[in-house]
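Letters are used for the chains, namely A, B, C and D, taken in the order the chains are written, and counting of residues starts over at 1 for each.
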Amino acid sequence: MNNELILIVCMLVMLVCGVTAAMSRSMIKSAINLAAVSVALSVLMFVIGATWSAVFELSVCSGLVTVIFISAVSLTESKLDSTTQRALHHSRFAMLPLILILAGVGIIAAIVLNGFDVVSTADITQTEKPFREVFWNLRQADILGQIIVILVGTFAVVILFKERGKKI
Amino acid sequence: MSPFTIVALTAALLLIFSGLYLLLKTHNMLRIIIAIEIVMKAITLLLVFAGLMNGKMALTQAFIITVILVEVVVAVVAAGVAINLYRHNGDMEISRLNKLNG
Amino acid sequence: MLDLIASFISSGLGVNLLYTMIVIPSVLALLVLLMPKAKVSFRNLLFLLALLLNAALSLGLLKLDDMKLYLPWAGGEMGINFALRVYNFSQQIIVIAAFVALLVGLFALSYLRKKSYSSAFLFYYLITVALVNGSLLANNLVVMLFFWEALLAVLFGMLILENRNDTRAAVKALVLNGIADLLLMLGIIITCSLAGTPLMSEMRPIPLEGVAVLGFICMMLGALGKAGAMPFHSWIPDAAKDAPLPFMAIMPGALEKLLGTYLMVRTCFDFYQLAPGSSMSTLIMVIGAVTLVLGGAMALIQKEMKKLLSFHAISQVGYIVLAVGTALPVGYVGALFHMVNNALFKSSLFLSAGAIESRTGTTDLREISGLGRFMPLTAISTILCALSIAGMPPFNGFFSKELIFDAALETGMVFYIAALVGAFMTAASFLKLCHAAFFGPVKLPEGINREELKDAPGAMLLPMLALAGTCLLFGVYNKLPLSYIQALFGSFTAGSDFSGWPHSMTLVLISLAVLLVAVLNHLIGYHVTGQGVKAVDHIHYAPGLRTLYDAAEKHYFDPYRIFMAVVRLYSWICLAIDRGISWIYDVLFVNIVGFVSSVLHVFNNGSTRLYMAWAFSGVIFLILLSMLLR
Amino acid sequence: MPDQFSMLVYSFLGLPLAALVLFNLFGKRVMTKFYMPVGMGICLVQMLSAIVSLVLLSQYNKDAITFSQFWNYQLYEGASYFSPDTFSFLSLLCIGLVGLVTFLVAYPVLPDRRFQFCNVTLVLLLGMNGIALVYDLFSLYVFMEVTALSAFVLIALYRDAKGLEGSFKYLMMSAIASAFILTGLALIFLNTGSLQYDVVQAYLANWQNGPNPVLTQIGFIMLMSGFSIKAGVAPFHGWLPDAYQSAPAPVSIILGGIVTKMAGVYAIIRLVGEWLPGSSVVNVAFMFLGLLSIVLGAMSAIGSTDFKRVLAFSSISQIGYIVLGISSGSPLGFVGAVFHFFNHSVFKSTLFVNSAAVEMQTKTTLIDKLGGLHKQMPVTGTSNILAFLSTAGIPPLAGFWSKLLIIIAVWQAHGGVVAGVALFASIFTAVYFLMVQRKVFFGPCREEWKDVQEAKFSIRLASVLLSCITVGVGCVFPWILRFLGAQGWI
């Protein structure tokens, strides 16, 4: 059960980094914590054998999204998050860990006390098709959707990030 | 009842909760995007958990990849809108978004 | 000759004659209305032609046997079919109505020569004739009601012709008749449901018990309203002030009385069993007696010819109602005979007033005097009719009144005395009228030249004289109308003959004594005041009576006035309630909605956090609901 | 059915994609004139294909046209493919119609930014078509995201403060909705192993005896909440008025006319109406949500001072009727809801077209500033009255029939009180619309609007076209009902 331990650790890292990202006063720290969540998640995926999604998670989420954030923060840096704002932010989220700990204990207690269990619905007799075939042949509608999503993203960048004053 | 199940469900729920809490409490538009990202991470975790439970890991991976793509584009659009709003308002304060009423 | 025409028409048209009677006047009425202004003489010809045709067709109708016509109309279980029926009762009334309408129509053409509304009046006139024919021919109570109500509309139209700015009299007529018609409608509903059929010919007399009493009262009140008896009378004197005199002559003078009496007799005789001496009978007789006495009393003091005549129009209805109320054979016969007579002399008298008005411009007895010298034929006609209405033998009024006296005496002394009092007042007031208008020193209103004053033109005189002559004829040869009338009641009146000289000499002598008293009274009054017009002032200004009369002149006793006061109170209450309700709608409701709306606006103020809170509360609501409902 | 006909379905996705390629391949100088006409043409072709497909479906008595994928003909379990049925084609027809109207109105209203507008609108159409076509909940989610993303971009098209604000609010709520939907999908996927419609339907039919019922329940609630946010059902509606109000005029037409309905109501109709018709819990929940939407939307509309905002609140109220109809759980309610879906997209587009006309001519949509425009803009005013009457459910207009069906079905399912409240709320509908009509179009003309002209030809064409559909469908509706009865659908 070494595997399971690693998974649990990954998830705990995700949780801690996520809460830190939420509570952090500095936007950059938030972004970096978010990237750490992504990294932990991709490690988790890697351990359970979901290689493709792990790679995507690592490259896109912890890479691209962080880049987007940091550039957005730098674009809007000047008056952002003054000291008072940060103090305010801190006071708003001071209670969050406490709430989370209480909620976590409550949830775990509820699960354990009720004997709640998640039944595996896996069909052992059926071997699953390889990811390549599933992705390219079975999820063709999704792929079409992805292409269109990328198209929207392109148009959004063109429309929203274009310099003011220029007309297209 | 494996500890993995307990931790996975609890971690996902707590992450979603803290993401929504941030969404509800923050005054900063970029933090809203961070909150959305946190929630999405939790959901990805849930998806992985679901794939583990029903043994359809390949399908789950396809889902996860699509979700990641969508999530990134949402983040891009949100950042674009937020930056434009910053240009209008001069800060990222969300309570400035009150021009629409009537 | 007439017989020949009649049989020719009836053989040619047969049962089609029934609706022809309604269609022809209506179509010609439209033609008259649409005739261009320039073709006045052609229009008048057309009008006369219509009336002549109507009279000829009515004669043809006389030749038909009991005939029924069904045209499917608004169907249904109760079968509101367009059912017409002609039988001896309606035949006779239609003939009388047609001939009176012909004569008055002739007069109207001459009277209306210079009036601007003549086309409209003639149109209404012909429509009235058609509707009267329709209501008399209808064999279905609902169809009759249809014509009846349409007549009300036409009445309203005719009343506002002369004076469009002041419609008070017309509205009064509309309201009073409308109430009466509403009651009639109720009565018809009750009658139809009790009888199980709306067809009059299928109905058997219903005993007066329980609901039937209500139905009977409603039907009678409807009929009384049309006839203009108390308490639906008060519009007639008001209308007399402004309405054209041919209208007064034809509507309140003749046709409405015919219709009202027709329905009264049918209600008492055909639809319900009105027993002599029963409480309903007494009630109707009381109504009749009160109408008779009060109408006469008011007529007595009038010094304006039109008003005087209109009060007499009310008073004479009282006689008819009284007679019908006795529910005796002699009463019914007397009522119908008096109805015919009343139509003749009352229209003739109104026409005389019209003739005088068209020559002198007024009918106020205080302004005119001694006209007999200039208008001898008018005077003769008026005097003949006055004698007839006063009940002077051998005129028709005498014979019909004797029958009514007979019936009244048989029922109760009180009613007989009331009838005698009425007779006295009638005689006295007409003595005053004739004396004041035609005798005594010549007195003319300003602007009328003595030399230029002539008798009325032939077209006016002819109807007046024809009607007066008929009065005399029906008196001298009363077997002619009475035999027809008696035939209506079949076995009910079998064994007695009402024609000829009244059988009780005592009653005749008492009536003559009353007339004599009236003459004496007039002579005393004339002697005291020296003026014919003031001959009854000693009664008018007698102590005690004077205050009553003053109050009556000020309309204090007008049922319409009392009714309107009640209506006003009611409408005030309704208004208050309505205000309250609309306050709930306009103020309370709007304020609540506005308040809720503004509260919702506070919750939709653009704050994203609030929106998210909404959404999360929705999720919590869903979770709780799913937990609760499991 | 001949196989060639199933190729027809490709046009719903292929044509907009081809147009996108065409637009971006050539320079803007060459293509400027062609953006709008090409868009209109695509919408027209889409309407035609939808009608032809509907006819074919009823001709060959088939439930759905299942068409193969792009490069592989085998359908494994868990595959995502396209299988539109009657309701899908009806939605595709609505999409085509509203898209056509949007392009017609955008032609004069947006003289600049045509390139951006047309591109993003085509993507929006693609997204909505995808929603209507797919046979897999996850693909539905993907296309829903496409729709939502392009809607954000369109609202913020001019990058003005209001548009950006509305866009950001929509984005936030939509992100929450996506999170909810995905959570729900993950929890359901855990149990089913596939998200194909028929698999999920079979599972939901008997979920209480299946594995992990608690997770499924939570997942279903999450799914419903997410769809409700996207649909703008109260109390998830907060973003909707802001987004509608702030969008450029043609964008509010397509938003109010079809986008929110395709993004949310469509899925609700599928899930609740088609898959869970007998579930009392879901039905009661949606009954409450529907009633709340009806009353809250109508009450808020009464107090609004902006023409477009009134229409937005009215949308909430009308979506409440659709949801209420679905909550009855009976086939009658389902048919009523689907027809109200169609009718609402017609009359709400009419109203937004008219608001666009007013906005273009007077440069304002504030009700208190407007007044007496009927004399200057008779076509707009008249079509506005027709659409209002249809919204309020006045016979014989189309809106009356669908509302009638819904209220009858609700009466049967939930009793007289609920139906009575729904009926009573439609009085409020009449109230706020009469208020708007009186303040904007009737009454004396204000001094500053003396020189206002009637809207441009293409806008008038759009509102006349939609009004004709409202009146026409209302007049032939008894026959439609008879046809449905003959088909055994009611």
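Rule of thumb we're sticking to: contacts are C-beta pairs under 8 Å (C-beta built on N, C-alpha and C of every residue); 3 or more make two chains touch, one makes a residue touch a chain.
Just so it is clear, the model here is predicted, and its values are computed rather than measured.
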For chain B and chain C, chains touching each: D
Chain closest to the middle, measuring from C-alpha centroids that were averaged per chain: D
Averaged-CA centre spacing for the pair chain D and chain A, given as whole angstrom: 32
Centre distance in Å when chain C and chain D are each reduced to the mean of their C-alpha atoms: 69
Intercentroid distance (Cα basis), chain D paired with chain B, Å: 26
Gap in Å, rounded to a whole number, between the CA centres of chain B and chain A: 7
Residues of chain B engaged with two or more neighbouring chains: 19-20, 23, 51, 53-56, 59-60, 63, 66, 70, 73, 77, 80-82, 84, 97, 99-100
Junction residues of chain C - those touching two or more other chains: 601, 604, 606, 608, 612
Where chain D touches two or more other chains at once, by residue number: 78, 138, 142, 145, 149, 152-153, 156, 159, 165, 168-169, 172, 176, 190-193, 241-242, 304
Chains that touch, pairwise: A-B, A-D, B-C, B-D, C-D
Chain D contact footprint on chain C (complex, rising order): 593-594, 596-598, 600-601, 604, 606, 608, 610-612, 614-615, 617-619, 621-623, 625-626, 629-630
Residues on chain D engaged by chain C in the complex (per definition of touch): 165, 168-169, 172-173, 176, 180, 217-218, 221-222, 224-225, 228-229, 234-239, 241-242, 280-281, 284-285, 288-289, 296, 299-300, 302-304, 428, 431
Residue ranges of chain B in contact with chain C within the complex: 20, 23-24, 94-95, 97-101
Chain A contact footprint on chain D (complex, rising order): 13, 20, 28, 69-72, 74, 76, 78-82, 112-113, 115-116, 119-120, 123, 126-127, 130, 134, 136, 138-139, 142-143, 145-146, 149-150, 152-153, 156-157, 159, 190-193, 211-212, 214-215
Residues of chain B defined as touching chain D within the complex: 16, 19-20, 23, 29, 32, 36, 39-40, 43, 46-47, 49-51, 53-56, 59-60, 63, 66-67, 70, 73-74, 77-78, 80-82, 84-85, 88-89, 97, 99-100, 102
